[in-house]
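Heads up, the next two complexes both have chain A, just with different partners, chain B and then chain C.
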Partner chain A sequence: MRTGNGGRRMGEINGHTVLFLFFGILACLFSLAVVFSANVVRMAFYLILALAATSGLHFLAGADFVGTMQLVLYVGGTLVLLVFGVMLTAQNPFISLRTAGGDWIVAALVGGILLVILVPVAFQIGLPPQDAGDIEGLTQREAVASSEPVSVPTATRIGLGLLGVPGDDVSGYLLPFEIISIHLLVVLVGAAYLARAKRKVVVRQESQNSAGS
Partner chain B sequence: MFDLLTQPVGLTHYLIVGAVMFVAGAVCMATKRNALGVLMGIELVLNGANLNFVAFGSNFLERNPAYQLGLDGQIISLFVIVLAAAEAAVALAIVLNFYNNHSTVDVDRADELKG
Partner chain C sequence: MSQYLISHWGWYPPLVYMLMAMLAASLVLLVIAGGSVLFIWMERKVAGRIQDRLGPTRVGGKFGWLQTIADGIKLLSKEDLRPEGADAMLFRIAPYVAFCASYGSFIALPFATGWVGLDINVAVFFVVAVLGLEVFGVILAGYASASKWSLFGAMREAAQVISYEVPLGLCIVIPVMIAGTMDLTKIGNLQSGWFTNWYLFHDPFTFITFFVYYTCALASVNRAPFDLAEAESELVAGFHTEYSGLRWSFFFMAEYGSMFLVSALGSVLFLGGWNGPVPVAAWIFGEHASQLSGVAFVLANVLGLMTFILKAVLGVTVMMWIRWTLPRLRIDQVITTCWKYCTPIAAVMFVGVISWQLMGLPSGGDVLPHHEQGLRRLPGSLRERPFEAGDAVPAANSVGFESEHADRERGQADG
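Right, the complex of A and B next:
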């Protein structure tokens, strides 16, 4: 993982910039490909590539554990589930369902308005401050942010945070962790209940009739 | 606005990629008639939001230190990943049940509850 030292000089193309452009353009292109593709099988494939590129962006931002979990849980788990759904339902009339023209116009309008709102906000809040000398009055977390970044693996600190041990730049998350654990258990039981094989009621009635007679 | 390519990678770059993914997911949710396409749109929206969380929590980007989220951003994005997995499991079970009962995955034909 790179330190941000080389990036401080303006106008210099370094490895971080090149990798960011590669993964960022890949993520944007494949997200748009998901929208504009009509074939559901190709949509699933483009979605896998877009999410893998997003995990590359996570690695570049210094979030190694989150990037790994993105690959393992999202690309390896959730999308395999989606591809199974696609394979189970990909009968011929449903592979490419066409959208009506009016829906495209309304959706493009809404999407354009969202983008026009979001991009200026990104420019407004994303820029670094002009005067960097005002370190006085920063909280400890902001002081951590403004100091030179060091490449420390985040897994230990994330694990301690999930166990409720607050660190210097992380709060304790024991209660949300427990809630989400119970939630995941309930959801898995519910999904297995919903997707179970239906018993044939007719067969049971026939067997009862044969037993009674 | 067009000097992004000459600047070092900062929070703005990540926010723009996240915004593009979010809008693509929203449009995908609105336009797809296949129920699985709608699910894919939801995944895209969640990933765009996740990218923003990670970018706000990162120490490696050019940014205003007042917007520092620390490691909390990464933990929140882990929660989002787990919730997305749970949501995909339940939604897929519902879609498969709908497909078994109606032999279609077109969400426009899921209108039996309409009055």
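Right, the complex of A and C next:
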């Protein structure tokens, strides 16, 4: 499938690297924009773009399913948050957020700790062992980093794993899956109940008003 | 093709990949831009005929072929206005966001066997996910316009589209469940052969599901009778009240692109995609396009492409017909249609199809004697051998499946 450049080394720039850098830089830039912009709606907009760029990184890594989930859950979820959380509640005092001095310190502390944890981990993972990932004379990372789309049916594995069918590298997750779905159902019912109860009160007041008048 | 350029012509691989990506991107752009030019002309003619008049007749000959081009030139020359209180950046960027979402979902849509921008195995999921983001552009437009009409339109659109994602998703899951894969190319190829193999005729439940899908698709692309976001009789023009010129036309390109997309998706999921009602290509070339190669593959695929486009355009035409026939619903009626009718019906159909599959009742393809595809029991074979999806599909020799075979071989070499 790949001809002529089997001896390509890791440090060389290929299409995958360029795309990775592109999406990575996009994600970083938009994340910074989230932090530095003061308008709530613009923040949400940048957040959506940053999350979309992250899903691009997932696609590059060959994790189609995770990438699409990222689009549905994070991007779509932020969208709903933007609509119903921000736009409907953004009144004049909240539409523009300024960070106070104390918040900067706390944020820097938390962010710094996270960075201290992440950076060593990123360097520890390093390269895969040369012999284990040897495919057609390429290292695993190079195989993954080829410009051809990697098409492993990840969704099938995840689906079967969630149904409790253990495979060669997944164990069955039927019980946690069921617990989570019941939990979500309860949350949904609860949310519907809360929304409904409020409306009932309004209706009763209106009917009382109309009866009084 | 990119392999050919690299190996035979010695081109620099990243350049070749970039060229191929650009070729695919511009082809898709052609479908959206050219499609919307055609569809706007069609919309006018269809509207005219339904209202017992002629529609455009003057620009470009008898049928007014060039009417949309003239409109486009007019739009280009219009002043790009922006309201004083608007959030300038969001106002400017909103039409492009809507357009990008519509355009992006075309990436994973196959137009014929193996003719797809990016062959990912969760294509159905991807298309729906990205298409759902189109509402984002509309909401931004409504919010950033600093106009009450726009904001009302955007809020309606948000409530409507987010609600209709639920029954739409349920309807889409049903063919995915029958096929046992989320890969649109495979779903299309599994319906090859006679029209009885189409999932529309798989069982009575899928037949009803298709119409629920079509209703929900209409609502999710914001077309009449669900076009509350731009209800011109109440909200001036809804979310695009404040837009003019080219930015305004971007919203329309996004809308017509999405219309084509949901029709195309419906045709892949239910109407056999690029497989005609009668396997003409299979008679001529001996085998289905996915098992051919070379010139025969291209010819069979061109035939399939024409079938596919025809089905999608037919879907769009029905959308136009509905638009000029039915009156607009109120917002409470729209939400009622979604939660009290579409969602329960889709859920019942879902259970029905599961039971149908579980009891092994005959599908449409089994009923008629000319059924040739006895091997197409994908879900069963998947269940027996969980992680070998590659050879579970008999028609697995097309372009998109090679990489999977390679992956499986890699996996075996690893283990």
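To be clear about the criterion, the second predicted complex is superposed on the first by the 147 of 213 C-alpha atoms of A that agree within 3 Å, B and C clash if a C-alpha of one lies under 4 Å from a C-alpha of the other, contacts with A are read in each partner's own complex, and residues count from 1 in each chain.
Keep this in mind: contacts are C-beta pairs under 8 Å (C-beta built on N, C-alpha and C of every residue); 3 or more make two chains touch, one makes a residue touch a chain.
Worth saying up front: this structure is predicted, and the values here are computed from it rather than measured.
After superposition on the shared chain, chain A has more residues touched by B, the comparison being chain B against chain C. In the superposition on chain A, contact of A:Leu115 is made with chain B only, not with chain C. Residue contacts after overlaying the shared chain place A:Leu82 against chain B and chain C alike. When the two complexes are overlaid on their common chain A, residue A:Leu71 makes contact with chain C while staying clear of chain B. In the superposition on chain A, A:Phe45 makes contact with chain C only, while chain B stays out of contact range.
Residue contacts after overlaying the shared chain place A:Arg157 against chain B and chain C alike. In the superposition on the C-alpha atoms of chain A, the part of chain A touched by chain B in one complex and by chain C in the other spans residues 1, 3-4, 65, 79, 82, 84, 143, 149, 154, 157, 167. If you check the complex, the residues on chain A that touch chain B are 1-4, 7-12, 16-17, 20-21, 24, 27-28, 31-32, 34-35, 40, 43-44, 47, 50-51, 54, 57-58, 60-63, 65-66, 69-70, 73-74, 77-79, 81-82, 84-86, 88-89, 94, 97-99, 103-104, 106-108, 110-111, 114-115, 118-119, 121-123, 125-129, 138, 141-146, 149, 154, 157-158, 161-162, 167, 169-171, 173, 176, 180, 183-184, 187-188, 190-191, 194-195, 198. For chain A in complex with chain C, the touching residues are 1, 3-5, 14-15, 18, 39, 41-42, 45, 48, 59, 64-65, 68, 71-72, 75-76, 79-80, 82-84, 87, 132, 135, 143, 147-157, 160, 165, 167-168.
Residues 1, 5-17, 19-28, 30-34, 36-37, 39-41, 43-44, 47, 50-51, 54-55, 57-68, 70-72, 74-75, 77-79, 81-90, 92-97, 99-100, 104-106 of chain B touch chain A in their complex.
By the touch criterion stated above, chain C contacts chain A in their complex at residues 3, 6-7, 10, 13-14, 17-18, 87, 89-90, 118-122, 125-126, 129-130, 132-133, 135-136, 139-140, 143-144, 155, 158, 162, 181-182, 382, 386-387, 389, 400, 403-404, 406-407, 410, 413-415.
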